[in-house]
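For clarity, chains are labelled A, B, C, D and E in written order, and residue numbers in each chain start from 1.
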């Protein structure tokens, strides 16, 4: 139970153009244990999707993993031949994307799109695949599953499609489900349904979930541990309760303050000044320094390391610097 | 229906603070083939402008003793039935072919784009009328339309320009209409409308620039077609008049000699091929850079 | 579905009427007096007058149009001014050769265009892509009459593999279809490439990959089917080009088809034949595009015809 | 009680769906189906609801960007829907809009100065100097650096662009600003900046806002009064405090409970609604919410409840509260 | 021909079977000789039909279905004796009744046959006895016998005409050596052996298929590949190169087609004979033959060709630029002038106009070349009712008088009554003396009287120079060497009836 299922170490992924390299993910490390629900939060553009695509090895042309390793269930994914990687994708490790509206092939029926994966990975008969498909659709709470398999994506609503996507990801019973902003495009009431569903699956099937989101509310509701990302790096991580109770990094604090809370009634929302720096044009020293309310001289010169802090979490900030430097052990 | 939050972020944040043009050239340079084609076009334009000053022989210099010679040092591409230097004529013909291509498409583009803008912007019956007429013109095979128009107006290069431009009109009307339709729903057009901008301002100030990249790309691609069509008309005897060294006309008059003196057909044919090729390649590159969705 | 087709056909009628008017005016605008041309070089002015009256060309234009349309609605295309043969007969004799020629051209163009387009799109920016696109753009840039003449020289005269022209056996189709189809193959190749490249960027392709499907399955199964949707529409539009191109290609290859009939009719100002033929071309174009729309519906489940 | 600035009565918008023989109209999307409300001078009126419920359509009708199918919009005693052409163009100065998408709502080919100046040009400010001064003033007002005026929109971040949009909206000193999801596309940290800016401007300039959002937390933070929309109808309308303290409509209740709260210790039971939002093309008979309502009565399936005042200033459209 | 002594390169070719294919440059328009006005159709028709008289290789009139004829001195009455052993292909007997039927048909003013005008002069056709027929003309007409020899005078089967009516042109029946088999308009015409043909031992082929191949290159290619056994015309450029290769013989024979550039003599500056003569001196006729006709043509030395009846040689205008310039100076155009030349848009016509442009450029006469599409040009020429309004200045053309007689060679082109729109006098040449001579020739059947008149007329026209005389054309046929006895007549129609395959 203590072995990490997924262990990402010092991952560096970049978009390589002829004359410059944009490091979208820079020295990123984290791990997920079996059956655990972990959140990766951060604002738009901080590299969440690039991280997940690096893990799935689905990076688009032009993007490359420059450094680091990704161990999944005892194998190093980055050195795996494409064919073996394919056998893992959709089978041991599955992914749900942000855009349920466009992530299903519009010209194929729902049933076919799910069966395809089963037949490919499990080498079962068509008939068997169909039974399993109907089964999984029922499990994700789709009424009339027998009818839905004969429908096209356009005939389904956004929430239904996202359920189909989850069904498709879950059908081979993967050990890890990566969900990249699975509810961002959905309405609140539908979001509640989907989050509910994911929780149930996690509980019943023991599937570990890496939930990628920018919504701290969702994190608080769903996850056990949180990794906060800023500009391609993890700036803070901790157990969810600890983090929400006592965030250490000024960025995490800022985020929490800026999130409006029901019934809070403040005159002004807390905000973080300035905006996320451009990857082309990153500041020297701590990446958050230009926006940080507690900025110190050292912040503009040196890059802080991710270090253990009191209470078990990790934080990348000079304010919380302690004597023992993080050595890359288990975290 | 569902708002997709932050969809534009990554796109926008990538763009460095560079001017539109330097960005454009940087992108275009990457399209190696098209960039080369663009340089060839500049070369062709140069030839069209100063070529007639450089050619070794006057295009009307006849020498019946030296007729139908193959390529020699004296006549690089040989001579035609009147002993005229084919190389000189091809060089001199560049100006004609390029201007035919350019002007016919220009006229077609101006009229067609205007109609497309109006149709796309106002919609309703104006749209119906303009689009039905362009359907009719579309259903009318272009070459036949051109033949008919030249038959009505009489042969000659100017009429070829008119004929070719007429059948460019519905093409431009269509694509400009469709990009107008999408530009019309663009939020910034609505924004301008909400601050009280008049239709004229909306159309020409806000929408038109948005369709411009489509027009430019299509423009370059049509030039090739126009040159080909003009050459086909000349081939059918409906084009340029002698002694004009229009390539299609040269080709047409040389086809009798296909077996005896193939060079008089091959070289103008290659000139047409090359010119149309570079315009097409360049248009391709432009399209990839400017990225309008053109269905052609 | 059938209601949809009926409706679409009904919608064609006003367009066809507009075309007929357009064609009628257009044809009569072309300078040249058919009576004079038909009466012949050595006819006297009186002969010409007789012919003119016989052909009904002495009536006012509006009257001629009304008469023409009246006949048209009864399915009568009239008599050829030049040969006094029923136009329908003239056209039907010439229809099949042109039809088969267009069809073969289109078929090979589709086959070649798709293959080249798919290879180019999947090998983007590799040599296969460049080669494919250079071929495609070249195909688009070749004057078809020139290509035809060169092909005749090479394959018929020098190598003697195929007939030079005319329509005698199936081998007669090879060169003209190739010539006529080249431009379209090129367009289809380019279009397939860009459509497929767009589709390959779609989210559902990423979904396919995330499912662990092999690349071939993704390209041929998931991507191409979607890419075909715009390709099919565009192919329909190319039909107009095909019909226009047949005029030139039929001249080069002495093809006994409608294109050549049209050229002949224009030089004789054989109004009835020109009108009928252009109407036929237009109708054909519109019908092809109707068929294309129906195919589109099969490819794109989102379109429902009801 | 404050004066109403704008009165909306029985507003409807049906989008025809063309189909059938020769494209006859025989169906309609009921995007907005008979809504009425007042905007009071100086208040922020929140319009909240899920995707497709007709929020934007309502905003666009108020902006006169879409013609209503039915209903009246009265502004300072004038029925805005009777205005045409030039008159309408003139009247537009009082109404301005801020859009959801700060990227698409700015013309990429124009400089910031040109964008902010455009309303001034359109409304006949002839003096170049005057315009230029006004632009500088506006940029300062929304917190933009003046020396960036000659750059293009794509050189700015989302938050900055939204500021540009706000500056443009303020150029003509409007009375009413319709903000259609002005912060939905922004990151949390930026979102807070813009919300704060809007509130400051309201105080400074005495603006009235119609604030459209699907985010109940933001709506709660910024609004004075709130209307909850569902499928083209207003199902509940109340002051902020009342609405959140005591939501009456089952939909509002579910909506509020479904908001994920950024507090891992807050483990409330959520009301998870079943099923999907029906399509406005084919809305259910009776109460539009009955298909998903956990408390639906028989009556709800047949009779559509009307919006009525349940408590003072608290309106609800639900049969649960109609006295027999 | 010139294809006999090529030797070496000629590889022997042979033919299996007796079916041949003839490639022509256009479509047949009609198969009813009386309703035909193009040479091409006549080529096909001549395999199926025969006239009372016809032309031999040299355009001399010879008897065919008639055994003899007599003309009255006033050229008003013509009596023919007919062959007795002839039947139409449908079995109908050939006799005086049949002949009467034919000429009644074509001379009927109500007939809308295209050749009505040629025979409109026949007032009455009388059956004298079963094999004697007599024509009475309404006016004297010296060239009538040539008119009978014209292919339009070929005799059609009365039974078939009655049977098919309007459709006769698609079901032709005559007395000729070949029978109609099939024809698609614009496509192939196939004729097969008439086994009952009256000339014993004829014809020698089983069938002839005529196939239209308008594109020059394609036509030549068909001959080269053996898909066609005979093509006509052979493009002039290729004639020399083709000869002797692939078993092809090129036959170059005389034609009666004159090539000329007419000048509008009613328009300045061409109203001055000096200008017209200057232009004649300014054009290098040898170069014309070399460049435009690719060396296939002969010197022109009268307004009519040598093979035309009553031809009289004149002294050619030499190529003499200084004389030309001097004449221009005398006429008051020392600095030349500009003018427009019209013609069709075939490559040969364009080439000729371009050549003339180059030539006249040397004496500062600047030509604007306007190639026109056939219909447009016809319209331009014939839309004028009044000579003053005529736009035409220079016109490049050629004329082949299908009757082979001087009258038809001159009157339609240069007769005072032939100004457009009546006929083809594009030179607007109207001269009382010339018109009188034309009439003299017309009103007698006596060849000495006619000969004298035409001699004077030719001299007059030659000196008046309404045309720039360019060349007399040649006919060029390409045949496979195994094919013999097929020839083109000077009028451009072909006679294939004696054709045979020799190994």
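Points to keep in mind about this one:
Basically, a residue touches a chain if its C-beta (ideal position, glycine included) is under 8 Å from a C-beta of that chain, and two chains touch if they have at least 3 such contacts.
Since the model is a prediction, treat every value here as computed from it, not as a measurement.
When the partners of chain C are compared with those of chain D, the chains appearing in both lists are A, B. Across the two candidate interfaces, B-E and C-E, the one carrying more C-beta contacts is C-E. Distance from chain A peaks, on a Cα-centroid basis, for E. Inter-chain centre distance (chain A to chain C, centres taken as mean C-alpha positions): 53 Å.
Here the CA centre of chain B is 22 Å from the CA centre of chain C. Averaged Cα coordinates give chain A a centre that lies 90 Å from the centre of chain E.
Centroid to centroid, with C-alpha atoms defining each point, chain A and chain B lie 50 Å apart. Counting partner chains per residue, chain D has residues 51, 157-158, 187, 214 touching two or more of them.
Within chain B, residues 1-3, 5-6, 9, 13, 151, 154, 236, 255, 258-259 each touch two or more of the remaining chains. Looking at chain C, residues 30-32, 149, 153, 157, 251, 266 sit in touch with two or more other chains. Taken in their complex, chain C has these residues touching chain E: 30-34, 36-48, 50-51, 54, 82-85, 89-90, 93-94, 149, 152-153, 156-157, 160, 163-166, 168, 251-254, 256, 260-261, 264, 266-269. Chain contact summary for the complex, chain B toward chain D: residues 1-3, 5-6, 8-9, 12-13, 15, 17, 20, 186-188, 190-198, 201, 206, 209-210. Residues of chain B that touch chain C in their complex: 33, 132-133, 135-136, 138-144, 147-148, 151-152, 154, 224, 228, 231-232, 235-236, 248, 251, 255, 258-259, 262, 265, 269, 272-274, 276-277, 280-281, 284, 295-296.
Of all residues in chain A, only 56, 58, 86-91, 94-95, 97, 99, 102-108, 116-117, 120-121, 152, 154, 165, 168-169 touch chain C in the complex they form.
Residues of chain A touching chain D in their complex: 43-44, 157-160, 187-193, 195-196, 214-221, 240-241, 244-245, 254-264, 266-273, 275-276.
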